[in-house]
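As written, the chain order gives the labels A, B, C and D, with residue 1 at the start of each chain.
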Amino acid sequence: MPFNIQAELRYQVLQPSTALLSMHALSTPNQTLSEESFTVTKGASCEIFPLEVGMNRYVRLETGEVEDLLITYSVKVDTHPDARRIRDIDEVAVGELDREALPYLFPSRYCQSDRLGRLAYQLFGDLGHPLKQAAAISDWIYENVQYVPGATNSNTGACETLVERAGVCRDFAHLGIALCRALSIPARYFTGYACDMELPDFHACFEVCVGNQWFIFDPTRLSAPNGLVRIATGRDAADASLATIFGSMRMTNMMVSCTSDDFDPLSHDELKGRAVVLEP
Amino acid sequence: MPFNIQAELRYQVLQPSTALLSMHALSTPNQTLSEESFTVTKGASCEIFPLEVGMNRYVRLETGEVEDLLITYSVKVDTHPDARRIRDIDEVAVGELDREALPYLFPSRYCQSDRLGRLAYQLFGDLGHPLKQAAAISDWIYENVQYVPGATNSNTGACETLVERAGVCRDFAHLGIALCRALSIPARYFTGYACDMELPDFHACFEVCVGNQWFIFDPTRLSAPNGLVRIATGRDAADASLATIFGSMRMTNMMVSCTSDDFDPLSHDELKGRAVVLEP
Amino acid sequence: MPFNIQAELRYQVLQPSTALLSMHALSTPNQTLSEESFTVTKGASCEIFPLEVGMNRYVRLETGEVEDLLITYSVKVDTHPDARRIRDIDEVAVGELDREALPYLFPSRYCQSDRLGRLAYQLFGDLGHPLKQAAAISDWIYENVQYVPGATNSNTGACETLVERAGVCRDFAHLGIALCRALSIPARYFTGYACDMELPDFHACFEVCVGNQWFIFDPTRLSAPNGLVRIATGRDAADASLATIFGSMRMTNMMVSCTSDDFDPLSHDELKGRAVVLEP
Amino acid sequence: MPFNIQAELRYQVLQPSTALLSMHALSTPNQTLSEESFTVTKGASCEIFPLEVGMNRYVRLETGEVEDLLITYSVKVDTHPDARRIRDIDEVAVGELDREALPYLFPSRYCQSDRLGRLAYQLFGDLGHPLKQAAAISDWIYENVQYVPGATNSNTGACETLVERAGVCRDFAHLGIALCRALSIPARYFTGYACDMELPDFHACFEVCVGNQWFIFDPTRLSAPNGLVRIATGRDAADASLATIFGSMRMTNMMVSCTSDDFDPLSHDELKGRAVVLEP
């Protein structure tokens, strides 16, 4: 079930700039890439590297004197997501968590979990199993937050979304992460490509660590979890934004496409009592 | 059913200061006062006046050279609260509201109703009658916000309380006001004395205007609405704080007492389907 | 020096709605009106009234079944602003302020003066005379905040503007008010028409009360203070917004014009050491 | 110049809990430890481990049934700080930064650098060299923020401190980090022991990366930079708090001591034009 991914970014460069780009699909044991191609306008220079061991592939791009910058990316990706039964997943106490999961317990820029303890326990404290809690959080966000493009901006965090009840995929993911961390469930931000989204775009979801495995949730329900291709993982959008610009560049166009010849999306009903692992 | 009220404030005056005090019971057709006494330490001077026509009685106090300032207040107060059946109260469209109620539709310092529209309509939009909405808001706050002295400070507003789910009477009232205004129900802040509270203190509640009458709600359920004596009314605590200090004074002691020989508190159950008017 | 004022608002009415409009020039001893005309699309109904004694003229408009609502307003206005020498204005202690000025000492929705005491005293505490402080605040805002249309929205308050250093006239005025109140100077929000602004629009400034007179400042420097015509006064934009909508209406067009045949704007230099009173 | 460090924490354990503690001095080429001792009340169990390769030593502590938990730590530490001349340090463009420094360019929970770009460039944009900027930021914070224990809490971030101009070492460090990152200077949070502080306590400072070396600044000026012993490094206090509790424990006592027989603190004047590296 290979996904065909294409993305194109166009920038007007107002002064020579450096950009950190995070748009490459990750290469992992469970997410294999082929026919990958990445181009930038002649005159700009690039370095591609992992940011933290094995997780993100960043591109550091120097525009040089290029004024009209075109970045293209295409790749074929095979994934093997696994929808597991929640009741088969054993909990792990904080004291036995993988050490790498610990930083994902802490609050971060857009996920102010330190303020949400009371609310999270009120709403989800009685559910017992952390994957039931995470699934209930994802459902609660879907039911209580409106998807409203333009309602938020790049400064918006989970607390604002909780108050104003509107946002986009990034905000939905941040709120999911913040509520999970407030319950002492490690949670992280996922960015990626999503197959057959109605309005194709880069997408954001959240993952939680239970039993030392990471399960993915999409509180927007705009994607099917078995149609996701990982670009990057981080504490929140501060770590995994598509592009961080040092200098002055203005995006003038963006095109994203992720399709498959034989994609069979898992429906919300099929996922009842289950949670999906992207990297078993 | 006269209430016997006594209050005492003691301040250390660090430099000659001006204080605006709001601790006098109001005199209204439905709240009659007798045996009123107000004293301040000799050397300080006072002016008592209404702030806006008929509503609050402010004391403007000049400390002069007084260093240890003692303020005492006592009064007997008769009130005639009325618990009306909600279904008998006719709604009034915004277009037919008393003009004096209009400012209580707008957001204020601690009641950021302009941010709460989506949430308020989600939770309470379907209840129809504005008094049912106000009563449901009061119940919701009681059930979802913890009473935690010290959890908030004088900067805390309704949005913070909504996120952090903890506060004191002032915060409960602010959240009630903000949610009502977000539903286009005029709502105002009430400060007063409350008969037989377990921990005697100045108390805060909120009032909403429906059918051009003001109904009172106490989301803390620490007081009975028929045991309330009004000191002041305002948009929020910014208008009706006990003391606003210009200069430098430090409160060193506070004592409040409100008792009655034959007070029969209305229970939460007796109030089912009813709402209390203090000034019919 | 009569100002010729014209304004036109057009709305698409999505459901029968009530609007509170605040676009009429005030009629005061020092601001006289002639040839006033106000029209709304036939089918809508209006009531014009003062909101608080003598200050604002509100229009309460019921759209009825009108779907395409056009509101027009025109008037000729004579004003007599007076630029006084600051050193001739006597200060008045808080204890001797006009009572009506007291509410303008308190924090309000968009002017969180209760958080700004330390900063205000640091920057402006040493200037002594409150009009020097107000003038310095206005200059400081002009120099430190960028005028950036679109940088803020209707939720933005003075603290956000202080952090992000960008906004429009409304934000500049809110920050001015908040800093003045933090210094115990009564300050209020002014909305009006401004003669010969480069991009004609409704304008916002702030006024401070010193010696029981109100002086006006425009920290954007987009208007000359002697070219201002008052529409409304309030604690902040919550009290004096152009239009508060109950229902659902979408503005589709706005036109404002304020001109004069012989307007001679006071320059920033001519105002050195002076402050302008609109209502002596 | 060995520092003698002692610390003691006492907790009342209200239910069996897990704590992540960050109080061990780091062992690095430039910070050598001897005579280290760490004890916990019998019955509690501990695991000590580095969180991210080489940076922090975390203790994961399980209280078991212990109700009165005493934690003691003592160590002797040798350090070799180096005060370098700023003009000798070469800048490195963002494009040539060490990859490990990149995450310290991003905003984090308490360092909302994404909101501070305009302000940071206004105040410090013209200073050119990033170490001059960092030193000016540290001085500006010292001069403009008051050290007020109790003014802030564990939710407070840099933007609040910027508005309210009060805080403790943690807040001073967060503001320094946020302003540096807003200027595209990688900046991180430092916690440690500080020799001869007037009120001995755990201390927080900030470090910036210039020329791929990390320089330390203490905007409180409560410590001398050559008297610092590193415990942990992180994006902000979320990563490096003394204790993160999962369960319910209440601190009942804390004692910290860091002394030396022959410590000669670098004065603010001696540091003019210089910046200190702890790990050359």
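Criterion: contacts are C-beta pairs under 8 Å (C-beta built on N, C-alpha and C of every residue); 3 or more make two chains touch, one makes a residue touch a chain.
Computed from a predicted structure; not experimentally measured.
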Any chain in contact with chain B as well as chain C: none
Graph distance between chain A and chain D, where chains that touch are linked: 1
For chain A placed onto chain B, the superposition rotation in degrees, Cα atoms, nearest 5: 180
Inter-chain centre distance, chain C versus chain D - centres from mean C-alpha coordinates, in Å: 46
Centroid spacing, where centroids are CA-atom means, of chain A and chain C in whole angstrom: 44
Chain C residues counted as touching two or more neighbouring chains: 115
Complete list of chain pairs which touch one another: A-B, A-D, B-C, C-D
Chain A residues within the chain D interface of the complex: 18, 20, 49, 51-52, 58, 60, 62, 93-95, 99, 102-103, 105-109, 111-112, 114-115, 154-155, 184, 235, 238-239, 244, 246
Residue ranges of chain A touching chain B (in the complex, touch as defined): 115-116, 118-119, 122, 144, 146, 159, 162-166
